[in-house]
Every structure is written in C-alpha cells, then in structure tokens.
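One structure, as structure tokens, below. Some questions next.
Chain lettering (A, B, C, D, E and F) follows the sequence in which the chains are written, and residue indices restart at 1 in each chain.
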Amino acid sequence: MARVPTGISGFDELIEGGFIENDVILLTGGPGAGKSTFGSQYLYAGIMNYNEPGVYVTFEETPARIMRNMWRHGWDMERLIKENKLRIIRVDPIAYDRYIMRSMETGQQGDHENATLETVLKQIYASVTEIDAKRLFIDSLTSLKISPDPVHVRHIVLEFIKNIESFDCTTLITSEINKDPENFSVEEYLAEGVICLKVFRIDGERIRSLEILKMRGVKHDEVLRPYVISDKGIIVYSDHSVIGKEADVFSLQRCSILGEED
Amino acid sequence: MARVPTGISGFDELIEGGFIENDVILLTGGPGAGKSTFGSQYLYAGIMNYNEPGVYVTFEETPARIMRNMWRHGWDMERLIKENKLRIIRVDPIAYDRYIMRSMETGQQGDHENATLETVLKQIYASVTEIDAKRLFIDSLTSLKISPDPVHVRHIVLEFIKNIESFDCTTLITSEINKDPENFSVEEYLAEGVICLKVFRIDGERIRSLEILKMRGVKHDEVLRPYVISDKGIIVYSDHSVIGKEADVFSLQRCSILGEED
Amino acid sequence: MARVPTGISGFDELIEGGFIENDVILLTGGPGAGKSTFGSQYLYAGIMNYNEPGVYVTFEETPARIMRNMWRHGWDMERLIKENKLRIIRVDPIAYDRYIMRSMETGQQGDHENATLETVLKQIYASVTEIDAKRLFIDSLTSLKISPDPVHVRHIVLEFIKNIESFDCTTLITSEINKDPENFSVEEYLAEGVICLKVFRIDGERIRSLEILKMRGVKHDEVLRPYVISDKGIIVYSDHSVIGKEADVFSLQRCSILGEED
Amino acid sequence: MARVPTGISGFDELIEGGFIENDVILLTGGPGAGKSTFGSQYLYAGIMNYNEPGVYVTFEETPARIMRNMWRHGWDMERLIKENKLRIIRVDPIAYDRYIMRSMETGQQGDHENATLETVLKQIYASVTEIDAKRLFIDSLTSLKISPDPVHVRHIVLEFIKNIESFDCTTLITSEINKDPENFSVEEYLAEGVICLKVFRIDGERIRSLEILKMRGVKHDEVLRPYVISDKGIIVYSDHSVIGKEADVFSLQRCSILGEED
Amino acid sequence: MARVPTGISGFDELIEGGFIENDVILLTGGPGAGKSTFGSQYLYAGIMNYNEPGVYVTFEETPARIMRNMWRHGWDMERLIKENKLRIIRVDPIAYDRYIMRSMETGQQGDHENATLETVLKQIYASVTEIDAKRLFIDSLTSLKISPDPVHVRHIVLEFIKNIESFDCTTLITSEINKDPENFSVEEYLAEGVICLKVFRIDGERIRSLEILKMRGVKHDEVLRPYVISDKGIIVYSDHSVIGKEADVFSLQRCSILGEED
Amino acid sequence: MARVPTGISGFDELIEGGFIENDVILLTGGPGAGKSTFGSQYLYAGIMNYNEPGVYVTFEETPARIMRNMWRHGWDMERLIKENKLRIIRVDPIAYDRYIMRSMETGQQGDHENATLETVLKQIYASVTEIDAKRLFIDSLTSLKISPDPVHVRHIVLEFIKNIESFDCTTLITSEINKDPENFSVEEYLAEGVICLKVFRIDGERIRSLEILKMRGVKHDEVLRPYVISDKGIIVYSDHSVIGKEADVFSLQRCSILGEED
C-alpha cells in the first residue's frame, strides 16, 4: 500500500511513514489547537517536498485570512496558487444554509439537502481535478452538520466521507470538539483514521499534545506526544510522551488553569 | 448444547469453549478498539479451522477497505470469497435512510420502516443461504438506529435481533458506545451475550481490555482481561487481569492521558 | 398477613419469611445481574416446594431460550409446563408497538393504548387462571414504557401495576436500570417492594450484591448482601455484608474495572 | 399564631411546638424513606391526642393497602374511619389522566385541565367538610404533575397549593425526589415549609435523617437529625445530629453502598 | 450619584453605602435562604429610617401570609399599609398564565404575552405612583418566565427589567436558583447588580453566606460574608468571611449534610 | 501587518503589540468579570492615545447607564460623543425579537431573520461611517442568538462576524458564558482571536484572570494572567501568572466559595 508522508515534522514515524493513499483522516481539536496550521502544513509540504498539488476547502474563513495567518510560518501560499499547485476555495455555508431553509419551507428537505451536499461535493471535486490535486484539506466537517437530528447528521457525514473517498485524494478533515466529551462523534467511527489534538496545563504551563486514536490497517503509535506550533509550523516530539492528569486536560477546555496538585 | 469456538486466541476458554450455537452476541467498543478485527478474525478462523462459511455485513465501510485493512494480519479474504467461503456485503444505509425520509414525507413511517428493515434482513439472509453460512458478523447495529425516539429504537433493535436469531447462524454484532456511559443500551439487555472492549491508560501506557458482561446459559469469566491487536490478530491474555482505576478508563474515551495518581 | 416464601436461598429471612401475599414487588438490575434467574427460581421453588403454580411473562426472550438458559441450574421447566404447573408466555411487544404506531397515525392514541394494555393484561390473566397460578414473574416492565412522555409512562406503569395487583398472584416484575442513576424511577415509588441487584468490583473482583430498598408493611433488612449465581441458582449470603466504595459500583455499569484505591 | 403539634416523637420541638395552623408543608423523600408513615402518624396522632379529624388523600395506593401497611405500627385506621374521625380517599389519577388525554385530542387542554384540577380539589374538600377535618395528608404532589412543560407544572402546583391553603386544614403534602438533585423543585419554593427525608449510609449502616429546609415565620431547627421507623412509628432524635459525607448520601439514592472512606 | 441605604445591618458598607438610585438589583437564593426577609427589611427600613414609601410585589404568596411571617421580626406591615407607606400587591400568575394559554390556542402568542407583561407592569406602576414609592421589591422574577424557550425568556426578562428601570424606584428582584448551577442565568447578566444568598454546611453546622457577584459602577466587596436571620431581621457580618469547601455548598442544595473532611 | 494597540495596561505585550488590524476578537466572561469595562477602555484609549474614533454597540444596557458606570474610572464619554469621537448606540433586541416573532407567525422565518440581521448591521455600519470609526465594541453576541436551534445560531453568528469583518474596524465582541462549560461555543471557533476572563477564588480571595485562548497569525502569550479592575480601568499583570486549582474556578461561577484545600 502506497504511503503519503504528511511532512509534519516528527509525525510520519508514528504511522509507519504516512497516511495510506486515498484514505480520509479526521483531525479533532478545540479552538487554538492548531488544526488549520496542521492542514496547511500538510498541503504545503505536499507541494514543496513531494510535488503533490493540494486543495484547501474552507467553510468559514476567507482564503485571504488563511494566507495571512500562514505568513507567520513563512508559507507563501499565494505563490503556490499562481503556480497552480494550490487552491483555497471557500464553500459558503450561508448560501448553503439558506438553500436548506427554503427547502424546509417547501417541505421537501430530503432531496434539497442531498442536492446541496452534491453541490458542495461538486465544487470540491472541480478544484481537485483542475490542478490534479493529490491532497485535500477540509475545514471543518462541523459546518456540514446542518441538522439537529443525530440520525440525519450521521447520514450527512457518512455520505460526505464516502464521496470524498472516491476523489483519489488523501484527505484530512477537521472536526470541532463541541459535543459531550465523554462520547465519540459519528465521524470518529466512520473515518479511517483519527488524530486528536489536545491542549492542557501541567503546573501552570500550557502543553499541546497529539494522539492517534485509530488508523485502520496501520500499526500506529499509541502514546500521547507533545507538539509545538513553531515559526516553522507544527513539530511533534515523537520521542517524548506527556504524562498528565485527567483534570488538567479539562481545565483548558474551560479556558482556565490548574496548579500543583497535592 | 453445541458450542462455536471463536478462534480468538485466549478467548474461548473464558466462555466454556465457545458461543452457544445460533446465539446473537453483542460486541461493544469505541473507535480504535478493534471491533472489526475481532469480527473478521471470528469469521476467518471459522472458515480456516472449522470449515464454517461466514458472512460479513457492513453498513459503512466498503468491502474493499475491509479486505485491505485485514491484510495487516495476513488474512486473504479475497481468496475466501472466491472459494465461496466468505461474503462481505455492504448494505447501504444511505439508500436506506433516503427511503425512510421519503416515507416520512408521506406520513406512513411505520410500514415503510418495517418494509426497509425487511429489505435489510432479506439481503443478509440471501448471502447467508447462498454460501450456507454458519457465522455472521454485522458491523454495526448503530447504523440501524434510524430514529431519535428511544421507543422506536427499542422496537427496531428487538425486531432485528429476533429475526437474526432465526437465521441458523451464530452471530456477532458490534455496537458503538455513543450514549451516556452510565446507562446500558437496549441491545445490552436484549442480546444473549455482551462482550465489552475498553481501552484505557495506566501510567501513560495504553491498555486494551475485554470483559464479558453477560453470556446467558454460560458460566463465563468475570475478570477484565488484557488483549492486544497483534500481526496475527487479537490475542486475549486469559491468565492476566487488568487492575486500573475508573478515572483511567475515561481518559482515553476523551482521547487524553492520565499519569501517576498520587 | 399470609407470607409467600421466595425459595431464594438466604433471601426470605431478610423479609420476615417472604413477600406479603398478592403484593407486586419490583426487581431492578443491569444486564448480567441475574434478574431472569431470580424470577425463574422464584417460580420453580414455588412449584417444587410449595405446590404453587406460576406464570412467566416475557416481552423479549423466547420461551425456548429461557428454558435452555435455565438448564444450567438443572431446572426442567419443560416438564413443569407439561404438568400444567408452569406457563411461559411471550407477549409480543412488536405486534404491540405496531398497533400503537397505527393508532398514532390515526390520531387516537389514548384509546388504542389503553385497549392494548388491556390486551396484554388479558393475555397474562388468561394464563394465570388457566393453571390457577399463585406466582407471577414479568420480565420486563421496561418493555411497556412505550412513550417518550414521562407523564404517559407514569400512567401506563400505574395502570399496569394496579391491574396486576387484582390477579390474586404474588408478582415479581423486573425493571432495567436505564435512566439517570441518581433518580428513582416511577415504578420504585409505585411498587409495594423494591429489590435492587447491583454488580461492582472491589480490588478487581466482581461482587454481586442485593439490597432491599423498601418493602411496605414489612420490617425488612437494610444491609447490602452479597449473592452468587451458582449451579443451583441464586444464593444470598444473609449473614455477610458488602462494604465497598461508591466509585466501585459505577465501574461495572460502564463495564470497566477498578483497582486498589489509595 | 396557633400551633399544630404533629405528634411525631421528637419532631415538634424542632419547630417551636408544631406547624402554624392552616399552613401547607411539603415532605420530600425517596422510596422507602417513610413518607406515608410520617403522614399516617401525623393524622393518627391528631385524632388520638388532639381529637382533630383528618383526611388521607392518595393518588396511587389503595386505602386497603394503606390500612394494611400501618398495622405494623398498631394503628387501627379502620376503626377511626368508622368513628368518622378519618377518611382515606383515593383520587384516581388514571381517570384524571384519561380526561386530560381526551381534552388534548380536542385541542382544549387549558380549560379541561383546570376543570379536572377543580374536580380533584372538590373531592378532597368534600371529605374535609364531611368529617370537619383539621388535618390533611396528600400523597403525592408528583401525581399531579401531568405535563412535561415546567411552566405548566408550576401553574398546576401553585393553583393546587393555593386552593388547599383555603381549606382550613393544616396540610402535609409529599413529593417524590425525581428531578435533578442539584435543583430545587417548584414546590420547595411555593410551600410554607419543607421537610426533607434522606437515607444514606455511613460505614455500611443505613442512616435515616430529617432536615427542615425552611418553615416560614418559624424559628426552626437547622441540623440534620437522625430518625428511625420503629414499631411505634417514626421517632426523631432531636438531640442527635448526623455527620456524614456527601458521597454517602448519594449512594443510597442509587441503591448501593459505601464503605470506610480513607 | 445618589445612594440608597438598604437598612440591612452590615450590608451597606459592602457597597459604598447603598444601591445606586433607580438601579435594578437581583437577589438570588434557594428556598429558606431568606430572600423575602431581605426584601421586607429593605422596604421596612426604607419607610422607618428614610421615610421612603415602598411596594412589595408578590406573584405567589398572599399579602396576609407575608405580613404574618414578618411578625417574627416585629415588623408591623399592616400599620404601614394603613399609613400609605407600604403596598403589598399580589399579581396573580394564574390569571396571567390562563391568559397566555388562551392566546396560545388562538395562535397569537406574541402580542398577548406582551399585552400581559404590560398588564403586570401597569399594576405595579399603579401602586408605585399611588404612594409615591421610592423602593420596590419584586418576588420573584422566576414567576414571569412563562416560556420553555430560552430566547423567549431572555426577551421577557429584558423587557421587564428595562421597564422597571423607568419607574423611578430603586428595585430589588428575587430569582430562584433552579437551573444548572454551573451556568449564569440571563438576569444575572442583565441586572445592574447581583447579590447571591447561599446556604451550606461546615462540619455539620448550617452557614448562611452572602456574596456580591457584581454591582455596576460601584467598588463593591468581593468576599463571601456570613449572615444570620435573627429576630431583628438579617444581619450581615461584614468583618467576617466564610471559608468553606465547594462540596459543602452543594450539600444543602440537596438538603443533605457534610461532615468533617479528611 | 498593522497592529492596533488596545490601550489595556499590560495586555498588548501579550499579543506582539496589539490586535491585527480589522480582525474580530471575542471576549468571554461571566457577570462581573469586567467585559464592558474592557471594551470601554479599548475604545477610550483608542480615542485618547491614538486618535481613532470608536463605536460602542449595546443590545441591552442604555447608553446613559454605560456612561454613568464608566464615570467610576474617570472616563468622560459624554464629551467624546460631543466631539464626534465616540458613538454609543443601542440596537433594541426587543423590537428585533418582536419582528422575528411576527415573521414566525407568518411562516417566513428565513428571509425575515436575514432582513433583521441586515437591519442590525446597517445600524452599526451607519455609526461607523458617521464618525469614521476604527474601533468597534459590541456587547453582546449572546443577544443575537435568537434561536433555540444550534444550526441556526451557527448561521447567525457566522453571518454576523463575516459582515463585521468587512467594516474596516478592529472589533471586540463580548460573549456570555452560558452553555455547558466543557464545550466551546461556535464563536470561539469562528473568531480570529479569543480572550477569556475568568474569576475564581484561592483561599477565600477573589482572583480575576485573563487568558488568550487563540489569536490567529499571532505568537501570543499562553499563561493565565491576573488582572484587576482599578479606578483607572483594567490592569493586566503580564509578569505574573495565576496558579490555582480547577475546583476554585468553578466555585465562583456558582457564586460560592472555596477554602484551604487539604
């Protein structure tokens, strides 16, 4: 099986060298965890190191801000776009939602929603084929969960993932952690792999850590590894492990602090 | 009563040699626990060691990916399919859901849903009879819970299990752990046996463990046993027991870590 | 007041010799706690030791599997049925549910539901009178809670219990623990007595325990007593008490483990 | 202000000698806490010691079982009924519910519900005037909460309490603890006084305790007092206090056990 | 800015001498915390010490009972009413609710609700102008939350507070603590000031404490201060502070007890 | 990239000198945390130190009270308004809500809501252009969440933020903490930066602290910093850090207290 190196420093050695080609991998984390940086680096390294074009799909941020934010790491995305190596497309969830709303009024939700999911998928696919992309980064799956009904959400997530799997890209999709943290989300069951980014404190210091929850067909690392967001992007310390306490992890989720435990 | 050895190394001795023939057994666990590996191994061992054909029913994964993922363990499922010893069928929950949706629009949910459940059962039964299967693995029951109403879900789960019981197969069904972990799910009450896969950490190391919650009519083991997912598949250490703390178990569910407790 | 010995070894001495005649007693517990064994033993001992015929009402299991599972304890239920001392009847909740569904479509839920509850009660009563039963075991009340509306459920449970009270039987009804464990269920308030089966771990060993939450009009034991499911059925150790920790009790509910507490 | 001694041994000295005449007092507790015994004793002592007739209103239990259960304490309620000192009336919540259901079908819930609440109040008032009762015991308020809408429940509870206040009786009303234990119920805000019965374990022994949460216009005790349900009824040890731990209290609510804490 | 001394012994020094004139201040607490006593004392001291007439608005209690309960503190409210210094008015939430219900039936909720809120405000304003009141006490805001929809409740609370602000009174409004205690209620955000009454136990003794959560434009105390409900009313010990544990606070909310912590 | 100094003493050095120009930054906190003071100071310093006009948008407070409350810090907002350096506008959420309600009655929610959001945005934009504002403070985003449907709320928040981003202002928006504290809110994901204000107790003393959860494109501080609300406004102690315990943080959220931990 062909492997796709992520280019994230220290990460590939945790998964036997890279993702399995054409798999869909989930990346979960809270605000400030560095999901967008992880995905940008995955695309940027793909272009620079392996000459694999990539598509960045955003549902919320503007491409301009994404490019601006990545300047901090010295990544010139604008140039790559001009060279037809990169596409950053914004699929507008507002237009999407409005469409849904109108369809709800007319009482024909089912078809419209599928039609809209199709529209989203077509937009993504058009960019993928346009530059013959091999890597795809989608931020975030949460924007597609346009229903309060969990059965409906399961349907949408499954349909979306299965379609993306057929695009001949190795895909990374982000997901917000917004539900009850003691439950797994549906996408954690459906994706081929799950990478969790978690931020917590030990004795007042903020520690970022990464864990591979699963990676089907791969003998993957199972340790919680520290990482930093440096000027050069994300660096995973694959030789270190983080030993903390449960209570620490929760503290930052609530944007607070923990000190020395007795 | 005839017994069906699972072929999972170290497991059968926990249940007096095997499942009771034609029982329906539940296998619960989170993402990455190894449910699919457990089920594949059950079918593979049935064919290789006991010459019992088997059917693998998936609602979400494609048969191609299942076969690919099992290559890691050296199981050549493609060959077994050609020899008519194995079937991997995907029953499409999307088509299924769409059907439900349309029926909801017309306001005749009751009959349609039963009709659809019948369709699913007929598809499974057709494969079972085609190769005269003795073992059945269904992944996962959660996909069938297509209603937000718990009364309705109870009905579906009961109807499904009772029908499967009449197929003359010894059946293993997986179930996701997605509900409130302090409550048992309806399938844990309705199935003849329940095997729980749980992953947690002790002092930073990830430990996989298996427990038999119940096995009606069987004098079963009641200890939490460690297991590993090796190159040869799952190995249960039936002579060891896992002594951990409650808090440890929860940590991994949230994809985090626990250290040395004071 | 006449007393009805349960025949459960070690149990009757906790309640002044037995249930009060014609009372309705609730038996709660999770999967694998032994509720069905408790009820079967109550009926079997009634027939063998006190010559009191009994009826076993199941909403989910088939009579065949019940008989099979009780073989482990050497109880020949089939013979007792032939001798007209025992009836095992399955009242089909699926047919029942379908009936409700149809009535919901026609918008006349109230009457239909009562009609159906009547049907269930008539089926039970017919078996009771057929063999002049004195003991009744119903597994489980949870199957009757066919509404998401707690007010409606309260109505059903009350109507059901009050009708069963008029059958001239001493009745044991099981109930699943599926709700928030910090709340009492409505049946715990409405029944004359409540017996709780609870399974937990102390230092890695699984311990089964029984507690009498209430028994109206009876001076009952208030200690948590250990019990085992032996080859001869349930044995309560009325001279022992279980001293554990709260956290232990919860661990098994989640199918996990607890070790030595510091 | 006239005071009404309860006749509960050891209780009156906690509230300056008795309830304030014509107040409505709430009595909360779980199953097995002894709410019915407390209320029966309040009525029985009123008749025997103060020659004040009393009415026992039950929504769920039959009068026959209430009388039977109180035999344990040597209280001959049947005689008191014959002497026109006591009435035990069952107001049927089933008929009541059915009425509501029908009104819901016709879409005129508001008026019907008030009409029904009026019917219940009229039935109670008829018994009160018939024997010129001075004491009233109502078991339980929970049965009247016939709506899933908390605004509606608030309305019903307020209307009911305010009407009962006009009956020239000193009234004790029970309430189940079924909601989130960290929240107060609406009746705890609306009643003039609140008495809480709580059962918990300390080092394996079950301890019953009573606490006066509030008693408007009265300088009341604020300590948690132990009580027992003896052959003579409830005895409160007003000179003792219960010092336990929070965790203990919760354990019994879940019908479990607590041991020695480290 | 003019200040309004509350007359609560020991309280004014915590807030630079008194409330800011015409502000709306929230007073939160559970049953038995002394909210009504606090408000009565605020009005009584206003009349006796500062010659400022006051209006007491109750949605649930009758004026007769309020006057009776305050006798314990020697406050002769009846005389003050005769002297036109005090008004106690009961705005009937039942009539109010019925009105809403009828409007819901007719499907024109929006306007009716506003009309009703207007009616309530007009009743209050009429009393305020009648005696030229400078102080207003409203018990409780919770009664006005006549909708299960939090958006709707937010609207009602905001509209109510903003209207009351225009009455030229310095107003104290009570609010029950009935929601999830880890969340702030909408009124805590909207009011100019928030005073929290909390009752808990330390080593078996019930301790009442007061804390000023906020007081806009005022440099206020931030310490948890003990208070008692004495024969003379509420006394705040502004020189003492309460040092307890989190667990203690919660214990009384659940009407239970806490002992010595190890 | 141009930076916008906030003028909050000690804060700018945590974010490389200031916000990125034209970004939308979120400020979260409970009642009494000082969100309004933070925002007023941001605008006031902008005018006084950098000659950048500012607009204060309030959905709930009246401009008069805002000006009054800021007098405590010696900020003469009235003068700045006269000099056309400042605008304080109140956008009326009541009128807004009524509009929504009417539209809901007519069944055309989608368009009306967008129309209303447009009206709100136009009002804000008119003030911004009127004085050529460079800074914008909006208090609070919570008032705009006029739907119980989280999908709808996500839509509103996204549409609002994206429109505000186009106003050529550097914007600070407050948000109440009212949801489950273990979950992040949608705005924490969508905003470019998130500043959290948190109040807790250590050994009886109330401690205010500030943490930067994220700031896209900026190398920001990650330590929990103490701050005070002084007569001169907010002062952040960027050289100190707060080391507390998780339990402390929660205590004040519930308006309670924590003492010395053992």
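Convention: a contact is a pair of C-beta atoms (placed from the backbone, for glycine too) under 8 Å apart; a residue touches a chain by one contact, two chains touch by 3 or more.
Quantities reported herein were computed from a predicted structural model and do not represent experimental measurements.
Asker: Which chains are shared contacts of chain C and chain F?
Answerer: A chain counts here if it touches both chain C and chain F, and no chain qualifies.
Asker: With touch defined as above, tell me whether chain B and chain C contact each other through largely the same residue numbers, more than half shared, or through different ones.
Answerer: different
Asker: Farthest chain from chain F, going by the mean of C-alpha atoms per chain?
Answerer: Greatest centre separation from chain F goes to chain C.
Asker: Taking each chain's centre as the mean of its CA atoms, which one is farthest from the centre of chain D?
Answerer: Chain centre farthest from chain D's centre: A.
Asker: In whole angstrom, what separates the CA-based centres of chain C and chain E?
Answerer: The separation of the two C-alpha centroids amounts to 49 Å.
Asker: Provide the C-alpha centroid distance between chain A and chain D, rounded to the nearest whole angstrom.
Answerer: 57
Asker: Please list all residues of chain E that touch 2 or more other chains.
Answerer: As it turns out, chain E has residues touching two or more other chains at 181, 261-262.
Asker: Thinking of each chain as a vertex joined to the chains it touches, would you call that graph a line, ring, star, complete, or other?
Answerer: ring
Asker: Which part of chain C faces chain D closely enough to touch in the complex?
Answerer: That would be residues 1, 20, 28, 107-110, 114, 149-151, 154-155, 158-159, 162, 165, 181-184, 186, 188-190, 192, 194, 196, 198, 200, 209, 211, 213-214, 216-219, 222-224, 241-246, 249, 261-262 of chain C.
Asker: Show me the residue ranges of chain E that touch chain D in the complex, using the header's touch definition.
Answerer: Chain E reaches chain D through residues 30-32, 36, 60, 62, 65, 68-72, 93-94, 97-98, 101-102, 105, 140, 142-143, 145-148, 176-181, 203-204, 206, 231, 247, 250-251, 253-262.
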